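Next come two complexes, and both contain subunit A; in the first it sits with subunit B, in the second with subunit C.
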Partner chain A sequence: MSRSLQEAKHVLEYPYRRSVGPVLGRFFGALAEGRIEGVRTQTGHVLVPPQEYDPQTGEATGEPVAVASTGVVTAWAWVDRPRPKHPLANPFAWALVQLDGADTALLHVVDAGEMARMKTGMRVRARFRDERVGEIRDIACFEPEEAR
Partner chain B sequence: MTEIVKSITTPIRLEYVYRPGRATSRFLRGLAEGRILGQRCPVTGKVYVPPRGASPTHGVPTEEEVEVRDTGTVTTFCIVRIPSEGLSIPPPFVAAHILLDGADIPFFALIHECPFDQVRMGMRVKAVWVSKEELAPTFESIRYFKPLDEPDAPFESYREHL
Partner chain C sequence: MRDVAIVSFAQAPNVRCETERNEVEMLMPVVAEALAASGIARGEIGFTVSGSCDYIAGQPFAFVSGIDAVGPWPPINESHVEMDGAFALYEAWLKIQSGEVDSALVYAFGKSSMGDIAEVLTLQLDPYTVAPLWPDAVSLAALQARVALDRSRVTERAMAEVAARSRRSAKANPNAQLRGDFDVDALLAEPYLVAPLRKHDCPPVTDGAAAVVLAAGELASRSCARPAWIRGIDHRIECHSLGARDLARSASTEIAGEKAGAFTGSFDVAELHAPFTHQELILCSALRMAPSVSVNPSGGALAANAVMVTGLIRLGEAAARIHAGDARRVLAHATSGPCLQQNLVCVMEA
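Right, the complex of A and B next:
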């Protein structure tokens, strides 16, 4: 019986452009200015990233709220071998970061150097890019707050 | 005043290494010889092209190899006029499902040498191959299909394949 042909490379790529709406649009606009904004719900919670509707009540959310660029890691997963499209080329952690002033956590990456430095509850600080365009990558990563 | 961002690009890219397996490899090697090879389901007798090595309806191995002809019937088609990123063929062009003679499943291909307003369901077509020197184990060995000077196939002959 004949063998399989070896293999062929196949790339599937969708170049989506997505309209973000007024609430996320403001969030991204703030990122371009080096700030992080959430939104306050009618029950007083602060959602970061902001949403148009409160996921708990379904009510429309209210005013934008500035939050800190520091926060706490609530969950994380270490990536030992980053793939080409990952935000960092060196090993890093995907992490949920609850920013100071927010009641929800933001999914981002923590550049901790090695897994041993990662800990749930650790304090981190956002590092912004110098050139920002109004998207989530305007935050290059989060870094442990204590000196490395 | 913060400027509101209206849209963001969120590309999704999937990089596959595709291994065709034995059945599809035989099909691709057949193309390199200018032949179109399928496989027959031992339960239903249906011939699948390209073969995947198993019957999609009964899950059993399809071991009997069947050569089908490079002529067939257009079952359905689409005239593509809108360009899009990543499309390797410049529009306008005609994409069609062609039920090859001897096969029981339509085969995707382009149709040329025919004005767009004359492409129709039931139209009889024939494969135009690359030159002998250019034949290779790839779908690109068939350049496109062109109309045959034959009466249209009756609807009943392909109604099960739409």
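Right, the complex of A and C next:
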């Protein structure tokens, strides 16, 4: 009898070097320095992460604005079993964090230890990596502001 | 506007993992069945358009080989969208509206089982501030569910009821993958997968393929005893920044519904593309769905979710209710992107 195989393993992997553009370039530059910057829209809203255009009006956004490294969780989801690619290896929360001074929320993770510590409206603070290179993962995670 | 109808629809049985056939082999019988049901010969089809995603196939420009399923010789008038086949159908509808052609074949394929679909979908996210964190599709849906729960737009019980109803309805659908009777209290006793979502709130991983034939005017009437005439079709997209959107409602569905005529008259059936339970509730709210409407009698995306095919199947299933004489007016919806970013609404009548 002739052999017939049913599967072919196939790994797709292409490294890219993308241009970030001036708006995100400034955001990542600030992250490398351990700061968070948003951008102000023409209607006065502050977008974090910054965008080149105001999603509400389509107008180009304006000058960069410093915001705090602290903020409020506006939504969260608890991961009991992190995937290998997730930013944290221990159970954690995905969260939308509206930083103090911003009008939009940033997606990141909260290292809260257990789900019982998470609630919408809780305050969190960014924990930066010691070695920063200018990328979103320069923020290692957010942590609850109140001590355990 | 020209009168354009869905005149035939065919789909492969939705399965967890199609190990024997590749995409072309899955598509060929489906395309042949849709063409045969329409009575329009392969060479007479004016326009062919497909929907698929290269990252699911693991093959850049996968549609180039997918086209083999339709036998493109002599060379045909063809297009492709890197989206669900429902959005390819929209392009076909436009092409017929332009007057250039009178018929179109629309097909879609997706073997979600070949990679890790929840992570493959991460690749559609912002490559600078979101994708490097690797939020998977279930995690993002869970964030949306949290917003909807916090705003009292949904409850975990209502979400479990959507899961139970979908899989109960799927018992009548021979092409569904996940079907059966589930007790809501038992579902709610299950642990969270990514809280607040439990396993039952999420779609199965599915391999599938589907095809639809569209025709205009006289040709449609000759091709089908009871064509499903498209009375309105529209799609809208929201911005990509998740933190800048109101995730508890679907503003794009509201506008697409308004433009497509979803807020006039009543519907017998609605096929909504909601891979997660809370998304069906958000969509029903956006479309002001009356309690009398039969929502997802096929079982919907919670019973079979071949990514890139599921939306086209919603249009096909809704049209098939009209073809069979079981419905007079139907609504079909398809979505794309994370957390219902983009939405298409189509209203069809007998």
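Of note:
Please note the rule applied: the second predicted complex is superposed on the first by the 136 of 148 C-alpha atoms of A that agree within 3 Å, B and C clash if a C-alpha of one lies under 4 Å from a C-alpha of the other, contacts with A are read in each partner's own complex, and residues count from 1 in each chain.
By our rule, contacts are C-beta pairs under 8 Å (C-beta built on N, C-alpha and C of every residue); 3 or more make two chains touch, one makes a residue touch a chain.
Given the structure is predicted, the values throughout are model-derived calculations rather than measurements.
When the two structures are aligned on the shared chain, A:108 is found in touch with subunit C, with no touch to subunit B.
Once the two complexes are laid over each other on the shared chain, residue contacts for A:98 go to subunit C alone; subunit B is not touched.
Contacts of A:51 after superposition: subunit C is touched, whereas subunit B is not reached. Looking at the shared chain after the overlay, A:9 reaches subunit B, while subunit C stays out of its contact range.
By the touch criterion stated above, A:69 is placed in contact with neither subunit B nor subunit C. Once chain A of one complex is fitted onto chain A of the other, the partner contacts of A:18 extend to both subunit B and subunit C. Within the superposed three-chain model, A:26 lies in touch with subunit B and out of touch with subunit C [touch as defined at top]. Of the two partner chains, subunit C is the only one that A:86 touches; subunit B does not reach it. In the superposed model, A:135 lies in contact with both subunit B and subunit C. Touching of subunit A by both subunit B and subunit C, each in its own complex, is seen for residues 6-7, 10, 12, 18, 20, 24, 28, 85, 135. Per the touch definition, subunit A reaches subunit C in the complex via residues 6-7, 10, 12, 18, 20, 24, 27-28, 47-49, 51, 55, 74-80, 83, 85-87, 94-96, 98, 104-109, 115, 120, 135-137. Taken together, the subunit B residues at the contact with subunit A in this complex read 2-22, 24-26, 28-29, 85-86, 137.
Residue ranges on subunit C touching subunit A, taken from their complex, read 19-20, 55, 58-60, 119, 126-130, 132-136, 139-140, 142-147, 150, 191-192, 194-197, 239, 241-244, 247.
The touching residues of subunit A, counted against subunit B in their complex, run 1-20, 22, 24-26, 28-30, 32-33, 37, 85, 134-135.
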